[in-house]
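Here it is, the structure, as C-alpha cells.
Labels A, B and C are assigned to the chains in the order they are written; within every chain, residues are numbered from 1.
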Amino acid sequence: MTIQEIREYLLRFSDSVELIGSGDGEISGPAKIEDATLGQVSFIANEKYIRFLATTEASLVIVHRSVSVDEYAGKRSFLKVSDPYTAFVFLLKIFAPPRVITAPGIAATAVIGNGTSIAEGVSVGEFAVIGDNCTIGRNTVIGSHTVLLNNVSLGEEVLLFPRVTIYDGIVLHNRVVVHSGSVIGADGFGFAPQSNGSYVKIPQMGVVEIGDDVEIGANSTIDRATMGSTVIGRGVKIDNLVQIAHNCTIGDDTVIAAQAGISGSVVVGRQCLIGGQAGFAGHLELADRIQVAAKTGISKSFLQPGTVLRGTPAQPMRDQLKLEAMMRNLGAMKEKLDLLEADLKERKARE
Amino acid sequence: MTIQEIREYLLRFSDSVELIGSGDGEISGPAKIEDATLGQVSFIANEKYIRFLATTEASLVIVHRSVSVDEYAGKRSFLKVSDPYTAFVFLLKIFAPPRVITAPGIAATAVIGNGTSIAEGVSVGEFAVIGDNCTIGRNTVIGSHTVLLNNVSLGEEVLLFPRVTIYDGIVLHNRVVVHSGSVIGADGFGFAPQSNGSYVKIPQMGVVEIGDDVEIGANSTIDRATMGSTVIGRGVKIDNLVQIAHNCTIGDDTVIAAQAGISGSVVVGRQCLIGGQAGFAGHLELADRIQVAAKTGISKSFLQPGTVLRGTPAQPMRDQLKLEAMMRNLGAMKEKLDLLEADLKERKARE
Amino acid sequence: MTIQEIREYLLRFSDSVELIGSGDGEISGPAKIEDATLGQVSFIANEKYIRFLATTEASLVIVHRSVSVDEYAGKRSFLKVSDPYTAFVFLLKIFAPPRVITAPGIAATAVIGNGTSIAEGVSVGEFAVIGDNCTIGRNTVIGSHTVLLNNVSLGEEVLLFPRVTIYDGIVLHNRVVVHSGSVIGADGFGFAPQSNGSYVKIPQMGVVEIGDDVEIGANSTIDRATMGSTVIGRGVKIDNLVQIAHNCTIGDDTVIAAQAGISGSVVVGRQCLIGGQAGFAGHLELADRIQVAAKTGISKSFLQPGTVLRGTPAQPMRDQLKLEAMMRNLGAMKEKLDLLEADLKERKARE
C-alpha cells in the first residue's frame, strides 16, 4: 500500500490528514514505534514516545497535528491527524490478515438440532453442537466445539470462538463476539436457605439478552436471570474472567475489565468504565459514565453521572485520595500527638 | 393451575397458607412483582417491594402473614405464609419447564472407555468422552463435550452441563450439578523451589471428593489433593469462577460466591457464607457458620463459630466497622490535633 | 521398593542421605505423616509436624539432618537429608502412577488440518481439532477436545490437558503443561474510544510465546499481543483463573498464584512470587525476585530487586505493616487526643 493510498484511506475517518515528507514508498505493515523497520508504518499518540521520532526506522509515522516533525521529514514521511491512535487502529484493520476461525460452511462433524434455522453464509466448526429450535443469522461463525443448547437465537455476523457455551433460550444480537471458554446463560446463583441449614435451588427461568456489537473475552460468565432477562447493552466490551450475575443490566457502551465481578440485580449505566477486579454488591445502581478504579469494592448505589470511584468500600475518588493521603500521614500525626502529650506532661510537672 | 391448587401445593411445605381474596382464576406462571400481568403469580418478601401491592397486575401474590392486604383483596388474591420467598421458590419449581441438557440415552458420537459401567437411565451428550473404568450412577446426565478422564465415579442423578472436565479418579456423589466450563481435579499448584531459582513439580497424587447435592457454577476450578482428598461437603453451593485449591475441606452446606479463592489446605466449617472475591491464605481454618464479607482477605484462622469477618486483613465485623469509622473520622482528628497544637503554641508565645 | 533403594535414589539429588534405624522393609507408597500406615514413607519439613515423630505408623520418615530421631529408631527407619521436602517430592515422582491423559497415538476422531506436521510419539485425543500449518513436536500429548487454531507451534513433550484452546499463531516451547479450560492467545482487550461514546476494536495482530517448562493451571487466560508478543519466560508457573493481558512479559521462573490479574504491557522480572488475587495496573514494571502478597493492588513500578509488596496501593512490606499497625492503633490515638483536649479545656476553664 502506498503512503498516498493510506492518506486517502484515513481521510475517510478524519477531516484532515496532512502529509509531511516525500510521501514516496510502499508500506508493508504496521509496527510499534520502537520496533518498526524500513517499509513499516507506526504512530505516536503519547508524549513519552516522541523521543523515538529521531531514531525510528519506520517509513511512515502517524502523529498528532501539533507534533513538530519537520526536522525528520527528509528521512521519513509523516501523516498529521487529530487522533493518531484511532487513525492507526483503522490502519491495523487494513493490514490485519483475514482470520480463520473455522473453514467456511458447515463442518460434516457438526450436530444440528431439529427445527433450527441457519441463514446463508453461516460457518459452523468441527464438533459444534447446536440444539433444537435455534436461529442462526447471516454470516455468523460458530467455532469448533462450541455448544448451543435449545432455543438459542444468534443475530447476523456473530462470531463465537471455539469452546463457547450458550445455554438454552439465550439471545445474542448482531455482530456479538464471544471468545473461547466463556459461558453465557448458566444458572443464576440462587438458593433459598432452609431452617435446617440446607438450601433449596431456585429455578433460574430467565434468559440473557446481549445487544449488538458486544464483545466478551475468554472464560467469562454471564448468568441467566431468575425471571426476566440479564441484559448486556449494545456495544458493551467485557474482558476475560468477568462474572456478571443473574438479572444484571449493563448499559450501552460500558467497558468491564478482567476479573471484575458484578452481583445479582445490579444496574450499571451507559458508558461506564469498570476496572479490573472491581466487585459489586447486589441490587445496587450506577449512573451513566461512572468510572470505577481497579479493585474497587462497591457496596452502595452511586447515582451522580460521571463520578469516579475508588476504594473498598468505594467512595468518590477525591474523598478516597484524601483518605489515602491522611493514612500516609498517620505517622506524622502520631508524632505530633506524642510531642503535644510530652509537652503537656512536662508543663504539668512544672506546675 | 388454580389458586386453590397452589394453596394445597404450598401446604406441603408450610404449616399454614391463608387465602385472602376470591381465590378464583387460573395461574399461568410466575413473574417479578413489578412485571407481573393478569393470570400470573408473584411474591413480596422484602419491605421495599410492598409499594407494588397497590399497582401490581398479578392475579395472585404470596406475602408474609404479617402483611396487611385486605384493601387490595377485591382486585386480586393473596396467600399468606411464614416464608413467602421459599414458598415462591417451590412454586417456581412447578412452573419451570423441563430442561433439556441433552437428548435421552447415549449419543452415538460419545466415546466410552473400557471397563466403564453405566447404570440405567443415564444420558450422555454428543462428543462426550468418558475414560476407562468409570462408574456412572442411575439417571445421571452428562452434557455434550464433557470429558471424564479414567477412574471417575459419578453418583445417581448427577448433572454435568456441557463442556465440563473431570480429571482422573475424582468422585462426585449423588445429585451433584456442575455448570459448563468448570474443571474438577486439575493438579494442585505445588512446586518445590530449587537452589537455582527453578522449581520441581510436586506430583499431585490425590483426588477430589464432592458430596451429595453440591452445585458448582460455571468456569470454577477445584484442584485435586497432593496426597489424600480435597473434600467438598454435602450441600455446598459454589458460584462461578471460584478457585478451591488442593487439600481444602469445605464443610456441609457452606455457600461460596463468585470469584472467591481458597488457598491450599484450608478447612472451612459448615454452613459458612463466603462472599464474592474473598480470598484465603493457605493452611488456616474457619469454624462453622462463619460469614465472610465480599472482598475480605483472610490471613489467619477464626475458630469462633458464627463470627462475621470483613476487611483485609480480615477481622470481626464490629472491629472492622469501628476501624472504618475511625478512618472516615481521620480528617476531624487531624483538625482537632492541629487546633490543640496551635493552642499550645500560642500559649507558649504568651508565656 | 526397599528403604536401601530409596536411599540410593535420593543420593542422586542430595550429597548426603544418612540412614537411622534398621533400614529393613519394603515401602509401598507415600502418605502424609498424620495418615501414614505400615509400609509407607512420609516426611517432616516443618517444625509443627515433629510431634508426629512419636505417633506416626510410617515405616520410613524423611527428616532434616538436624532432627533428633534416635529414640524412635527402634520402631521405624529415618533418612536424614538437607532438604526433606524436595527429597520427598522426588520420591513422589517414583510412586506416582503413570498418568493417562489420552490413549497413545492419534485418535480416529481427531481432525488435523492441512500442512500440519506431527513428530513421532505424539498423542492426540478424541475430537481434538488441530488447525492448518501447525507444528507438533516429539512426544507431545494433546488431550481430547483441545483446539488449536492455525499456525500453532508446540515444542517437544508438551502436555495439553483436555479442553484447552490455543489461538492462531501461538508458540509453546518444550515441556509446557496447560491444564483444562485455559485459553492462550485470545484477543487483547483493546478498543479505541470514539467521540460518540462507542468503541472501535483494535485488531490484535500479535501472538503469545511461552518458554520451556512453563505450567499453566485450569481456566487461566493469556492474551495475544496487539503487535509483537506476550512473553511467558522459561519455567514460569501459573495457577488457575489467572489473567495475563496483552503484551505482558513475565520473567523466567516467576510464580503466579490463582486469580491474580496482570494488565496490559506489564513487565514482571525473574523469580518473582505473585500472590493470589493480586492485581496490576497496566504499563508498569517489577524488578527480579519481587514478592507480591495476596490481594495486593500494584499501581506503579517497583524497580528494587527483592522488594516485598503488600497493600492497595502496594508499598514495601515494612511500610505497609507499619501503616496497618498504625491503623490498629487509631483507637488509642483518638483516646489520647481526646484526653489532651479535655486537659487543655479544663486548663482554660481554670485560667
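The rule we apply is simple: contacts are C-beta pairs under 8 Å (C-beta built on N, C-alpha and C of every residue); 3 or more make two chains touch, one makes a residue touch a chain.
Just so it is clear, the model here is predicted, and its values are computed rather than measured.
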Both-way neighbours, i.e. chains that touch chain C and touch chain B: A
Interface sides of chain A and chain B: same vs different residues, half threshold: different
Mean-CA-position distance for chain B and chain A (Å): 27
Per-residue multi-chain contacts in chain A, two or more chains: 127, 145, 163, 181, 219, 241, 259, 277, 327, 330, 333, 337, 340, 344
Parts of chain B lying in touch with chain C, wherever the complex brings them together: 111, 127, 129, 131-132, 145, 147, 149-150, 163, 165, 167-168, 181-183, 186-187, 189, 191-192, 194, 197-203, 205, 219-221, 223, 227-228, 241, 243, 245, 259, 261, 263, 277, 279, 281, 297, 312-313, 322-323, 326-327, 329-330, 333, 336-337, 340, 343-344
Residues of chain A defined as touching chain C within the complex: 30-32, 35, 85-86, 89-90, 92-93, 95-97, 99-101, 109, 125-127, 143-145, 161-163, 179-181, 213, 215, 217-219, 235, 237, 239-241, 252-253, 255, 257-259, 270-271, 276-277, 294-295, 324, 327-328, 330-331, 333-334, 337, 340-341, 344
